[in-house]
Structure formats: structure tokens, C-alpha cells
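The same chain A turns up in both complexes below, where it pairs with chain B and then with chain C.
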Partner chain A sequence: MDATEIGLWGVPLAILGGAIRVSTPFIFVSLGEAITERSGRINLGLEGTLVFGAMTAYAVAVMTNSPWLGLLAAAFAGLCFGLFHGWICKFPKVNDIAIGIALMLFGSGLAFFFGKPFIKPKAPNLPAIPFGGWSDIPQVQAALDVNVLFLIGAVLSVILWWAFRNTRAGLIVRVVGDSSDAARAMGLNPDTVRLLATGVGGALAGIGGAYLSLYYPGSWTERISSGQGLMAVALVIFARWNPLGCLAAALLFGGAGALGPALQSVGVTQGYYLFYAAPYILTLIIMIATSSPTRTLAGAPGELSITK
Partner chain B sequence: MPALFGARGYSAALEWIARRAEAFVIPLAALVVGMALFSLFILAVGKSPVLLYETMWRGGFGSWFSVQNSLSRAAPLLLAALCVALPARLGLVVIGGEGAIVLGGVAAAAIGVALGGAPSSIVILAMGVAGMAAGGIWIGAVGALRYYRAVNETISSLLMAYIAIALMNQLVEGPLRDPASLNKPSTQPLADIYRIGNIPGMDVHWGLVVGVIACILSWVLIEKTRWGFAARIAGGNVRAAQVQGLAVGPLVVGFTALSGGFAGLAGMLEVAAVQGSANASLAAGYGYTGILVAFLARHNPLAIIPVAILLGGIDASGGLIQRRLDLPDATVLVLQGMIFVVILFSETFYGRFKAFNPDLWKRVG
Partner chain C sequence: MTDRFMLSRRQLLKTSAAGAAFGLASAAFPISRALAATATVGFIYVGPKDDYGYNQAHAEGAAALKGIEGITVVEEENVPETVDVQKTMESMINLDGASLVFPTSFGYFDPHMLAMCAKFPDVQFRHCGGMWDKAKHPMNAGSYFGYIGMGQYLNGVVAGHTSKTKKLGFVAAKPIPQVLLNINSFLLGARSVDPTITCQVIFTGEWSLAVKEAEATNALVDQGADVITCHVDSPKVVVETAAGRGAFVCGYHANQSPLAPEKYLTGAEWNWAKVYKMFVDDLVAGTPLPNFTRGGLADGFVKMSPLGPAVGEPARKQFDATLAEMMKGGFAVIKGPLKSNKGAVVATAGQAFPENAIELESMDYLVEGVVGSTA
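And now, the complex of A and B:
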């Protein structure tokens, strides 16, 4: 067999590579959302944060010629969006889901507003580590070119999984998420904890956005995000608010997202748009399969408005 | 309204006004605050807010031409906002109206082409029914999933919107594609007799009238019928509604299907009155602006009418702002986002002001 002609084997390989490549923003957004939701709030605005993070990272990377400064700026911008959501939701009668929708529109609007001049210039990319160097087959090399952010995200999900169980901060977030009254009885201020949890969640979503514009697809356009921020929210529910589950679910979604391009690369062009919709359909099916009208979801934070 | 004669009548009238003023004063104040914050934003990027609002007025309402332009844009917003407002009365946050608009447009275009040759009144009616059915099934499914499977309707409706857009692209580039549409894949153009024309004497299509009627009918449905009453009870407390023996399931599915039907009708009107065929222009964001309209109107179908015209005007002025002030076209999005956040924040002020609660007046001093 010719090394460059691997035929249909290219499909699973492209899906594997695609899963790693496409899943990274899902990992960061869903880990961020997991922290926020564990504290008892839901932030649907992460979609807007993702887009704004992508724009900020790209703009800063263009201006400073450093992708890492871009990443940092995106995280900071995400932090600001998250803190704003956390602050405004502490007022009585302010609905966290509705504020999330508003911030989704506002974040995208601001990103398009400031991002206009950065559609043309080229920004330096975040580096990837070529784990496929042992192979001569270009498809294998391409599939195993793993970006450092994926590795950081994977490690972070293990750390968070451990931290939720074993650290004081993890316990505080969980208590606040399960019962505001219990948290107050312990002398904790639920609003402050949620403010910080939403802020951290926003910062992680900003990093997810930076990955989009600085690595894959690696440019800034107004169509950079197609609902990843929103799917990540559904993914957190599927993952039962468990960071390790978030990692697994993100890989699954990444694989589904890579299905269309993978099939196209071997010449299957029929139904391209339907394959493009695969992650959304998968999300919907998973939501239907895991929800139930009669029992509350296992592991759901008690204060979360989405499961009440 | 109570009698206006004599001192007691006067104070009773004052109380009547005060009780109702809250629902007007707080959203209007929020609108003004949102625009003021946007002025600061415009100042910060080095432009003149005075010039901006002047341009916005001129582009949206300053001339008969621009008023007609605003009204044309308000037409789909009316129906898209109903798609958010009706479920909201049941306590559901449905934000995927864009999907129903897109599919309604595709269904209407397909029927319009398939029935080519039939009398125009029948075809236009069939297109309206097809658009409403497609949108109704799409959002009705969201309601059914919510009630029978407890699937969160906010997320599912938005996912369904993405799926709907993919479905439209697949259909428009595949089985329904007009081979003559090269650069912009579209369905076959509708024959001229199947197009919906303008209101006599205006450059605004009949969709505006349809939208206004839909808003009035929705208001009657919610405020004056037993179904609307049942929906409001279920929206307040599902358990209480079930204890009362209300069939909450059919109520949820019926209301979401109707709201999706309205959005689908908006798609049909876009096809029959504006585009002439179904193509990617159907996903123009009316569904998302409709969310803002519904929240600004606090989900009151009658209030949707002025709010949709206002936002249609802001939308219409986008191009002029872009040219006159050299600002990106997303400027309007930023303004809408700011107004949206402030409006939601203003919810916290309801019931906080003594001026709106006559029961508290007597205790003063």
C-alpha cells in the first residue's frame, strides 16, 4: 500500500484527528460552564464570550505578534464577561438564563464591532506538538498534530475532577450550588462564590475562543463559532457536571463535528450539510435520552434553574 | 376606568394610572438608560452620539421613505417576537424562532412551486398553511420535548434552529435547487401572481397587516379566552394547574406549535413578499431580534407592535449609520445587546417604587 494512499482508513483517522482538534474549545467552554453550574447558576452567554474571546485573542496576537498574549487577553475578556453575568444575576428577579441570551447577542455584537479591522491580517498561531512524527503517512501526522491547549484542557479536567472532591474551594462551590441556605448557614456568601465561579467559567470560555481563532480554524471571521458555546452547556448536563465526563463528551462532539469534513476528504459530498448538523443532532438526541420528566438528574446542583 | 368626577374620582383615577404606569415607565426608563450607555460607548470609540441618534432617527423614522423601510422590517419581527412571547406566558424560554422562520420559508417556497398553475388565492393560502405547519411542527416539537421528556426548551430550540438552517441548506442546494441560481443557491422563483404585494398607497407589503393581526389575536387568546387563562396559570405554577385538572401537556404543545406557526408564517412572508424564493437570506437574524422585541414588550402581544416598529427602525438605520459615521454594521447589534441587558436588569425594580403602589401612599408621613 502506498503511504499516501490509505483510502477509507482516512475516515476514522480524520475523525480521530478532528475529534482532538474540534473538541478543544468544547473542553474549555464545558469545564468553565461546569464550574459555573456547580455553583448554581447557568451562563448561556458563553457563546458570546467564546466569540468575543476569539476576536480579542486574534486582535492582540496580530498587534503583539504573540499568540500567548492573545490567549491571555481572551481569558481576561472572558473573565470580565463572566464577572458581569455573575454580578448582574445577584439582583432579585433577574433571570440568569435571559441574561445569558442577552450577553450572547451582546458579546457577538461587540466582537463583530471591534473585530472588523482584523478580518484581513494574519495572526501567529498557537503551537502544536507533532506526535505523529514516527509515521511517514501525512494523514497520520496531520491527525496526531496535537495543540498544546488540548493537552492543557485534558490535564485541567483531571485537576478539576480532583479539586471538586478534595479541596476546600471545590467543596464551597458544590455547597453553594446545592443549597444557598446551607451555604449561608456555613457563613458563605452564595453571591460572591457564584460571581467568582461565573468569572472563572467566562475566562475558560475565552480561552476556548482563542483556540478557535488562533489554531483551528485559525482565523477570525464573524462565523467563527457555530453554537459551540451553547452546545457546551448541553454537554455539561450530559456529562452530569463531572469534569472528566466533560472531556469525554467534548471528544465525542468533536468527532461528530469532524464527520462531515472527514467524509468530504474521501469524496463523499452527498448530504454535506446534514453531516455538518451532526453535532447538533447528537446533542439533541443526548439531551432527549438523558432527560426525564419524573426524576431529577443524578448529580444536578440543587440550585440550578435549568433542572428545577 | 373609574368615574372622573369629584375629588374621590380624581384620586381614584390617579390610583388607576399609577397602578398601570409601572408597566410603561420602567421599560421606557430602561430603554433610555440603555441608549445613554450606548452614547458613552460611542463617545469612547470617538464618535458623536448626537450625530448617531440623529442619523438613526433619519434612517428609521425621519422621512416617509424611511418609515416605510422600518415598517417592512417590523413585519417579520412581529411574528418572530410572538414565537418568544407566547411560550413565555407558559413559563418557557424559546429562542429558536429562527429555525421556524427558515423552515416555514422553505416549505412555502416548495408548495408555491409545486402548485404552479393553480389560482393564486389558493396557492398563497396553501403557502401560508405550509409555512405555519413547518414552523409549528418544529417549535411544537420543542414544547413536546419539554413537557413529555423534560428537555430544556431554551437549548433544544436553539439546537433545532441550527439543524433547521442545515436542513434548509441541504434542500436548497440539493432537491429543491433551481439550476439557474448559480451564485446563490435558491429554490425556483415564485411566479409573479403568487407573490404578495404591497399595502395600497405604501411601499410596505401585506405582511405588516398579517403581523399586527397576529399580535391582536394573540392578545385576545391570552387575555380573553379560557385557554389563555389556563396557560397563564400553568406559567405561574405547573403543579397548581395540574391540581386544577388542566391538561398542561396539550396546552404546552398547542401554544408552542402556534408560536412556531407564527414564525413559520414570517418565513412564508419573507419568501412570498420579499425574496421570491427560499435561500440563505431567510436566516437573516429576525428570529434573534424577535427575542429582544418580546422581552422589551414583556411578552405582551399588544406591546410587541410598537416595540417591533422601534427595533425595525433601529435595524433600518444600520446602513445609514455605517455610511455616515463610518462605524461597523455591528453597531446596531451592540445597541440592541445593551438595551437587552438593561431591560432584563430593570426586572429587579418592579414592585420597588412606592409611586406605583397606591396602597402604600396613605402610610406616607
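And now, the complex of A and C:
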């Protein structure tokens, strides 16, 4: 056994590393969706926003040679998608879920269309901070190379959690989400609040996409997302609309997703399809364990079309 | 299902655009009408056609036909392995007039291509892979494939010389015979250098899952593998992730050396241009197309990427010698005595399966030295 051999320790290490590497897009998309849903609207189009954000970030990074400009562009593109969704949903009798699905397809399609010339060139990546310097094991160092976006996402989830409870803006979003009538009585315009909440949600999803194309896996292809945007929307319900819950759920999904490859790499090779289903089985178990027929979902915004 | 004139919006747009283009072209060049297309050939890809991988290799082959007089090439990318591919084939045949269709992905064959074979008996279908069986399947269908396992064997030879940890890594999509043969060939190539080398395989379960492929590559490097190769549709993510972690890579499907110029050793590439030209030559000449087409390095179906800068002199020598041996044709990677990694005998002493042995197309085992399982 030489120094590069870490054996079974590879499994927890891979889960830790996977949680950090894979979770970031989940964190951003689910935080964005949490803001949108807290205001009483669902934006299912975030998968499209994620893919378009990934493409925009990569394309701008290629053209300007700056990953940070790419990130900004992705956030801006996401903002536009979110505002578009919010604007359409302002009209009477428009179904936000249907618009979301339309925007999901539109976003992906547009990203494929504009993204064609950017599959071949190589873009500069977002930087990572090496937190593993204390260890001389290369595997630990690699697992603890933490991208700045992960840290921003983690901090953002704490700030949002605090802001929903303790700030005026947080209160406004929650009131609008719980009762349009109460919001109007307070002199608030629910449509404007939802427009802004959807816009911010879209911008965060765009940043999540930038992470995919500019850091991990770190290239633009049409198959970059494999459904992370949709999963993240589901994570919000799983997290009960709580930003801290979103962070935890994203980490759980990232870690559980790394389980399958890690187990195969140490020689546990039977039934890998089952291990790949681990995140979903976990979700089902938690959903069943925490649901109740006698009350509605705790924390669900009252105006949300799926819980109304 | 006789609604030949039920068009989807996409097909309608496509045809009207094609019609407009044709109208313009014939107005501008009235003489060229005499030489107008004598045959239309359709290509269907499961992913984007510039994926640095499987689909790009096919699209490069299709592109080679575009200069041929009288041949029109129609292509559609990102077609899922569902009833969607049937619709694509129907529209290529009914609207574009395709008389030869190449559905290039593994999962297109059964039931989709077979359904179309029955519906359009005058159209020729050739599927990339090893699924066509004369006893079971219609004669307007067929299959073509290359002995790319030979290329993976050569990858293994170079990997065996380059590896310091004596552990190789393989990111694989699904445990089908072609993938298993590649894994086994990669390891056996490496073992021809040093019989103590092992190869760890991770199956991702799908042909294209960027994040999972990156995770699998990281897991392999974490376990000490220092040369990584793969059999997924787009090796781009695997190549970039492995090189980013400091491991060497062997390519697959197409040349990925621009993605990791320092770490890229060599790669097993398809040369579909050769195969597609063969089919089209037959089509133009009016001779019946072969139903069962196979070829290897010697036939020009498969080629190797140029050796990278990290390849040492001993590796180069053995690579050249093995390649020369293979160019004679009939090289056997699987030869006895050989056991599977579950201990079953797969070849007895003196038994050899040359590259064209049909038994290899139903391979269901991993050889001794491969750490992994087919289920």
C-alpha cells in the first residue's frame, strides 16, 4: 500500500467531496425557487434557465476570457428569464406551471441554438480555494478544493433564512405568498413583488448554470444539466421552503449522488443501479415520514397553486 | 399507422425550408437539375454532433459524403432512443426521400428501426452496433461496426507503460458487449506490458451524464488510478476531469487531444467516413448493400490518435510493433488461458478469438484483473 492508496476511506471522502462539488447548482436553483415560491408562484422553467445560464456563462467567458464576466452574464440572463416569467404570469388566468414548462423548453432550445459555436472552445474556469492544504494526501486536497460559488451559496442560504424572518423585504414576500388579499390590504402590489421574486430566482438559477459550465464538470455541452434544475425545484418542497433546508437537501443530494461511483471504485460493484437511485429513495422515505393526512405541508405558502 | 401526411410542425418547417432552398437552387442553376440528387442518405444521432465523441465521429463520417456527386445527406441530432426516432426515420423517408438510413445509436435498433424496416421494405437501414441477426431480422436491415477493441488494446499498451500505480481506470456507460470488450481489451493491452496491472471500471448507467462521469473520474483517481479511459458518448468531461486531477488519459471515439494536450497519451478513434463511403458507393453502383459489415484497423474502420508527448520510448516501440501486428488482420485480444473476474474460464489454453470472431459480439464477462461487475 503506497501513499496514493486510501481504500475504503475513499467512500466517505467521495461523499464529502461530491456533496461540495455536485451540490452547488442545486443550492442556487433551489434558493432561487424558494424565493419565488415564497412569493406564491412556481417557476418550473428554472431547468431551462440553468441550461441557458450555463451556455451564457461559457460563451461570455470564452469571448472575454473572464469567468467572472461569464458569471455576471449568466445571472443577468437568468434575471431576464425570471422577469419574463413573472411578467407573463401577471396577466389574468395565466397558469404559472404551464408558462414554466414552456420557458424550460424555450431556455434549453435557445441555449442549444446559441451554444453550438461554443462547444469546441475552452473557457477559463472559476477559481477554487484549496482548503485541503493541511493534509498531504492528494485525495483530501482534491475533495476540499472548494469553489467560491459553493461558499457564496452556503452564506446566501443563511442570509435568506434570516432575512425571511427578520427583514421587511422578507415579510413582504411572505405576506404576498400567504395571502394576496392581506397583501393588498397592506397596500402591496402582489404582482410586482412576485415579478421581482421570480426575477431574483431566475438570476440565482443562472448562477447555478454558470457553476456547471465554468467549474464542475466545467465545459459546455448540450447534455450538461441532466435535470438538475428540475430536481432543485422538487428540493424546495422537500426542504419545506426553508433556505437552510435547501442547503441541507442540496448537500444530501450531492453526497448521495457521489455514492454510486465511489462504491464502485472501492470494488462494491453489484447493483450499482440501485445505488444511483439512492437520492430518490432517500427523498421518498423522508417525504413519507414527514407527511401527514391531517394537516397541510408545514411552511407551504398559501397562495402556491400546487398547495392551494 | 398509415397517416403518412400527418406532419409535426418541425417536419413541416423543415420541408418547407428545404423546398424553398431547392426552388432557389434550381432557379439559379437550371443545368444542375440534370445532375440532381440520385439518392438521399439519412443520419440520426442520439446527441449533439459536435460532442468530441460518438456522435461527432459519425457526423464526420457523414460530412465526408457531402462532396459526392448525386448524394444528399440529411441529418438530425439529439434524437432520443424512443418513438421519436421512428418519427425522425419516417420524416426522412417520406419527406426527404431517403433510401438509406443510418440510425447510429445502440438503442435505436429494437423496436424502433425494426418497426420502420417492416413499414418501408424498399428502404435500406443500417444500424451501428452488433444487433442485426440474419435469422431474426429483415434483409433490408443490417449492422456495421468496427473492431475498436483493438484500439483500446493499443490504448492499454501505452497506459501500461505510463502507469506508475499499476492501476488503470475505465468510465463506462452500460455493460453491453461492445463496452465490455473495450474494457477487457484495455486491461489485456496493459497486462501485455505488466501482468500485475488492474483496471477499475465504473458504470454510470447512461451514455451521457456529465456530472456522474466527472464524479466517476474523480472516484477512480481517488483510488489511485493514474491512466483513465472511457466508453461514454462524449469523453470530453472524463478527459478534462482526469487531466485536471493530474491523471493521464486515453481517448475514445474521436481525437480529444486538444482538450488535454499534455496528458493525452493516444486514443481509439472511429473512421466512419470510410464505412459510409463504402455503403454509398454500393448504393450509387446499384449493387445490394451488405447486411453485415465489420472491419478493424487493417480495414481502415478504426484509427489511432497520434501519440502524445508523455509517451515514452518503450511504449512507442511496443505500440508500433503491436499496431503492425494488427494491421495484418485477425489479431486476437481474447486468447487462452483466460479467466473472467468471477473465475469462469472464457478461453482455454490455445484457444483464441480473433478480432472478427462473432462470439465477441455477445461478450458478457469482464476478464481477470478488471475490478467491476456487469450487473
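We adopt the following convention: the second predicted complex is superposed on the first by the 275 of 308 C-alpha atoms of A that agree within 3 Å, B and C clash if a C-alpha of one lies under 4 Å from a C-alpha of the other, contacts with A are read in each partner's own complex, and residues count from 1 in each chain.
Here is the rule we go by: a residue touches a chain if its C-beta (ideal position, glycine included) is under 8 Å from a C-beta of that chain, and two chains touch if they have at least 3 such contacts.
Predicted model, so just to flag it, every value in this text is computed and none were measured.
Of the two partner chains placed around the shared chain by superposition, chain B is the only one that A:Pro92 touches, whereas chain C remains out of contact. Contact with both chain B and chain C is seen for A:Tyr273 once the two complexes are overlaid on the shared chain. Of the two partner chains, chain B is the only one that A:Ile281 touches; chain C does not reach it.
Look at A:Gly299: by the touch rule set out above, it reaches neither chain B nor chain C. In the superposition on chain A, A:Gly133 makes contact with neither chain B nor chain C.
When both complexes are overlaid on chain A, the residue A:Ala14 reaches chain C alone and has no touch with chain B.
Of the two partner chains placed by superposition, only chain C is touched by A:Ile119; chain B is not. Judged by the touch definition given at the top, the superposed model places A:Val22 against chain C, while chain B stays out of reach.
Once the two complexes are overlaid on the shared chain, A:Met231 sits against chain B while remaining clear of chain C.
Shared contact residues of chain A with chain B and chain C: 112, 116, 226, 271-273, 276.
Residue ranges on chain A touching chain C, taken from their complex, read 2, 4-7, 10, 13-14, 17-18, 21-22, 112, 116, 119-120, 122, 138-139, 142-143, 212, 216-219, 221-226, 228, 257-258, 260-262, 264-267, 269-273, 276. Chain C contributes residues 47-48, 50-52, 78, 165, 200-205, 208-216, 218-224, 226, 234, 236-237, 240-241, 244-246, 259, 371-373, 375 to its touches with chain A in the complex.
Remark: chain B residues 93, 95, 145, 147-152, 154-156, 158-160, 162-163, 166-167, 169-170, 173, 288, 291-292, 295, 327-331, 333-334, 336-338, 340-341, 343-345, 347-348, 350 touch chain A in the complex. Remark: chain A residues 44, 88, 91-95, 97-99, 101-103, 105-113, 116, 226-227, 230-231, 233-234, 237, 271-274, 276-277, 280-281, 283-284, 287-288, 291-293, 306 touch chain B in the complex.
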